[in-house]
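One chain, chain A, links the two complexes that follow: it is found with chain B in the first and with chain C in the second.
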Partner chain A sequence: MVQYAAGKLPARKLVSVWNLPELRRIETFPDEIRIGAGCTYTDLRQNAIIRREFQLLANAAGWTGGIANQNRGTLGGNIANASPAADSLPALLAYEAELVLVSVRGERRVPYVNFHTAYKKTKHAADELIRAVCLRRRFLDYFCYSRKVGARRAQAISKVCVAALGRLKGPIVQDLRVAVGSVAPVPLRLVETELVVKGKAIDQALLSVAGRTATAEISPIDDIRSTMRYRAKVTGNLVAEFLQKLAASAKNE
Partner chain B sequence: MTTGRIVGASVPRKEGRDKLTGKAQYVDDMQLPGMLYGATVRSRIPRGKIKKITFGPGIAWDEFTVVSAKDIPGKNCIALIVDDQSCLADGIVNHQEEPILLLAHADRHALPKAVDSIAIEYDPLPAIFTIEESESQSQIIWGTDNTFKTYLVEKGDVDGIWERADHIVEGEYTTGAQEQLYIENNGMIAAFDPQHGVTVWGSLQCPFYIHKALMSLCNLPADKVRVVQMETGGAFGGKEEYPSIIAGHAALLAIKSGCPVKIIYDRMEDMAATTKRHPSRTRHRTAVTKDGKILGGEIEFTIDGGAYTTLSPVVVSRGAIHAGGPYYRPNVRIRARAMATNAPPHGAFRGFGAPQSLFAVERHMNRIAQTVGLTPVEIRQRNFLKPGQTTTTEQAIRENIDLEKLLDRALQLSDYHSMKKRFAGENATGPAKKGIGIAAFLHGAGFTGSGERNLGSVVEVEACADGSVRVLVSSTEFGQGTKTVLCQIVAETLRIGYEDVTIAQADTDDVPNSGPTVASRTVMVVGKLVQSAALGIKQTLTAAGVIRPAYSAQEFRAACRAYVAAHGALRSSARFEAPSDVFWDDEKYRGEAYAAFAWAVYIAAVTVDMTTYSVSVDDFLALQEVGKVLHPVLARGQIAGGVAQAIGYTLYEKVVWQNGRMQNSQMTNYIMPTSVDLPPMRVFFEEMGNIHGAFGAKGIGELPMDGPAPAILNAVEDALQVSFDSIPLLPEDIYEKLASEAVVETEFR
Partner chain C sequence: MKAANSSRSKSEISFIVNGDRKTMRVHPMERLLDVLRQELGLTGAKEGCGEGECGSCSVLLDGILVNSCLIPVLQAKDSVILTIEGLAGIAELNCLQEAFLECGGAQCGICTPGMILAASYLLQHKPQATMEDIREGLSGNLCRCTGYSQIFEAVAEASRRKATA
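Let's turn to the complex of A and B:
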């Protein structure tokens, strides 16, 4: 609708999927939650399980636009719009979400990780609707870190945003998931960075290696909102900040 | 200063209830029978000759009214200072938003497709976009040398100071464009009939600017042009000159179609096509003694005026006069120039050249301090203007201003010294760097030099048949409080109730020309005239014997009723007369530049986040001497709002240009700060009075735009120990500078 109002999309017939109750539910199962694609950011922010178990998503929902946008914007819409700058998508990558797609041919369930194939391109077929987003409930014991860098503190489109999860065993990083937005044609999971960090203890040398690896893994651009060089440097800084805080979280326990 | 019953009290805004209840009528709320909607076809190249215009297929062109330059009944120009700007391009375009054709249709949704279907072929000409390109004269795009206006201010003997100097300090400072971002976009409605001529209703600041422009454009006498201001949702200078263009366009469509025509710009068109603050470059070369006394120096102040003259000569003049700051310079040479580029013309914006040149001088004072080895406080203390000394235009400071005391109070209120000490300690470790910065400045109220004399503003005050009193001025309300404060002045002057005073809608058929609503002149200059006109009412009523010297408000109402019943309407007018002891030489640019200056010291505390290189302003102190505060809530609002707008100017708002066209003409990408980006603002006033202003008031509307940028950049310098001399200062700029100076390690922390 934003594109249409700005004159960038031709006028054509649109079908509103707003107010379909089937899309608006957050269903809870013992091992996963299933978030209807029509759930708004406000729904996400207000849901107790999301707030407790999926903080990265709750935080991202609070970053998006203003209250009015959060009352109207939906998680499914964010995925379908496929903006690499979408705030909530790195969180879905970090949690290894799965999507339920529905069409007249029935339902299918696909991993979210490679759903975005190129800038503003996704794997869903023309006649498919995103029905729900499924998240496994196994992240309670992870340290979570999320940070959005926008041009202002509210109502900003990200220059860089990060959603990350980590778990230590003693001083060693046992598991790590880092996902970023606005620094590649698609929301990106930093697989290489995770690999160089996993199994190691966090020290100054590792921060540098992780920062450099993250910088190499992304492909930021110069655009109206920021520069390639700035985005690269800040992505590295944020990854380093995450690891520092992860290390500090162990000391605090 | 003593505070009266009404002046000095925060009475409710005159138009506040209507605005809160939705009763207030803005131009887009207005519908006329048979009204059409208008749209503008603009150039999409920065410079060239129009070869051919093709009306595309698939459009029912017979339903549209189409206006081109050949339909203009009068002169094809927007009359202002120099008649160089066409109302509609006739053969040549000089910027990307230049209007070429106008369309009108009964269905506003039919317009965008029609506009898009018009293909315009050009012979492009090389275009220039920067001050430097304009100066190099590689392309002459305006006049013989791309120069709209130059000024030279000279005082003392500058050439003799260099050999006496212990230090010669040089610096170059630049500022970017800024969009006014009033809440209500620009809009106009025009209607025409041969008997009454043209009437326009719109969102505007200066009814008589539009009146003058329409007379010339439509070839109509004064009494066949009427301009009515609708409720106006913000302006900040952005509705000073540009509304003449929109009014002209709506009028041309109305004349040709025979129907009323409404033109409302959407936000993208408004941001891209209408005026913005002039980008600027200032160079300082200053001779200083070893103990930090300024001997004098040269200042070169240059602004980018865009494609046409518009108000640039006046903007560059104000910038030049403020370029010396609040400091004593025994010898100075200021060269100021407004240059042409192929950008849409830049225009009026709160501060009007002063924020640009004051940014430069207040950054430069810090540079001088560093060179000499003094603190930012000491360098200012040693050079402040004192009563009896003269400004750069040799205007003697006659009022008893003590800037050292003002600075001391600001330092105390902000806890400057202890913060500075604490920050220096904390910055040694930790991922955030804190700093604190000062700006001291002045702002001249009213038109420059002989401007007020030339305007000769007139106001009227009327005693009405119902016993109330009505103010008639062309000074407009656009959020700043014109209606409220002028009514306060009359109520206080006549010792009647605030609710007994009303103010007429600014309609050129009804109100006298009290001048444009600009230049921080309304309360001071127009207010003083209104006070004088109000006294005329009292004198007439006294002479007629209908009131006693000590009357009550009720008796005054009765007297008005009795007088009007017996003699008919009673209007008292007052016309501006320049004080005889005020001298200004337009040739040499010397003399009393302003009837009054407001004085200020602002202090900003900032944090630079070394993970993201973003600056946040943590605390802001604004202390100013403003003569007299007539309405404390509105005055604080002006200061806080101006500081917020200036924080945007400094740290957030960047116009991204490509080939002379604004690329980020949306509020998602043109970043103005939100409430969560703004610091607590601590606003303090001092009141010394002013004989030229109503109840001692000086102008304050523009003042707060001047100080924040240098205060914040001085604070960033304090935090990082790295100097930045250009605004807007974005995190990307900070990162690049730190990286180039190897302050940021390539390693990740």
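Let's turn to the complex of A and C:
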């Protein structure tokens, strides 16, 4: 709407998909939930299963804008708009979401992980609509960590945001997923950092290696909200903070 | 905005605003904010940023707090809208308005209609709002005068009065 009002939206013919019941459902199956692309952040925050099993997404929904934005902004809109600073997208990467895309040619289901191909570019075809986001219900026993760094707590676009999941077996990191926003042209999963940490016990040396690897994996820029240096430093720090908290979560059990 | 829409066809759109049914011919992509202010003369909703960041244009659309600068009027078709003008006279609002007056919650007045609508939406859902609830509930409404403390205090006072009423 902002781009349209400013005369910057190239599309001449627009179709409103707001509040279509088929897009506004959160369906629960034994092994996954299917979130309609038209669900708002308020819908996500209020859903009991998302609050319990997909806290990273519930948290990110609460970070997005203010209450009025959360009442109208949708998960599908966040994906399609494809901002690298979108708060909900790192959570979708961490949970290895799949997207259901629909067109007159039928439906297809694609992994979300490589959906964003470049700045504001996505894999969906011109005639395709994002119908739903599917999340596997297998993360209940994971430690979850999410943090947004912005100029103020609400109604601020992130300088850096992180969504991360980890599971320990004894002192060893058995599984790890770390995703970040605002530090690359697309929302990014930190694959190298995950590889460096997986299968090891978390100690001081690993924290610094992980932080350094994360910093090397991202490609932040200077812009109106932050600087390349700040973003790189904070990303490394947040990855280290996540791992410290993950290690502490085992000691608390 | 006007220029972008002028060459395109208008549609008949109808909704209920502050209890009255209004029907008008407008371009479906007009912002609800502009229709309220220019077609209907309801100037309580203000344009601050025009991009959903300041909350000055807040209205309740089917009971939901929204930024009217982000709503194409097409999406308000057949809805029930409440603006600050429609809130005056409702007992609950008098309570909020009085509290804003007493606590110094309004200075220049640009953010005030949005603040009061956001506060009203908050107290509807959380009548016993904590200070944290209030800060979150009003987090989408920016004020450049008060420093917020008086506004938060006004909403807390209204919430206390509602509890003892």
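To be clear about the criterion, the second predicted complex is superposed on the first by the 245 of 253 C-alpha atoms of A that agree within 3 Å, B and C clash if a C-alpha of one lies under 4 Å from a C-alpha of the other, contacts with A are read in each partner's own complex, and residues count from 1 in each chain.
Keep this in mind: a contact is a pair of C-beta atoms (placed from the backbone, for glycine too) under 8 Å apart; a residue touches a chain by one contact, two chains touch by 3 or more.
Not measured: the values here are computed from a predicted model.
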Partner chain in contact with A:119 - chain B first, chain C second, else both or neither: neither
Touching partner for A:29 - first (chain B), second (chain C), both, neither: neither
Partner chain(s) touched by A:237 [first = chain B, second = chain C, both, neither]: first
Of chain B and chain C, the chain that contacts the larger number of chain A residues: B
Touching partner for A:4 - first (chain B), second (chain C), both, neither: second
Which of chain B and chain C A:14 touches, first, second, both or neither: second
Touched partner set for A:153, first chain B, second chain C, both or neither: both
First, second, both or neither for A:71, with chain B first and chain C second: second
Chain C-contacting residues of chain A that also contact chain B: 7, 153-155
Footprint of chain C on chain A - complex, ascending: 1-2, 4-5, 7, 14, 16, 18-19, 65-69, 71-72, 153-155
Residues of chain B that touch chain A when the two form their complex: 112, 268, 431, 611-614, 652, 656, 663-664, 666, 668-669, 671-674, 676-677, 730-732, 735-736, 739, 744, 747-749
Touching residues on chain A, where the partner in the complex is chain B: 6-7, 149, 151-157, 207-208, 210-212, 224-227, 229-230, 233-234, 236-241, 244
Residues of chain C that touch chain A when the two form their complex: 1, 3-4, 29, 31, 50-53, 55, 58, 64-67, 69-72, 74-75, 118, 121-122, 136-142
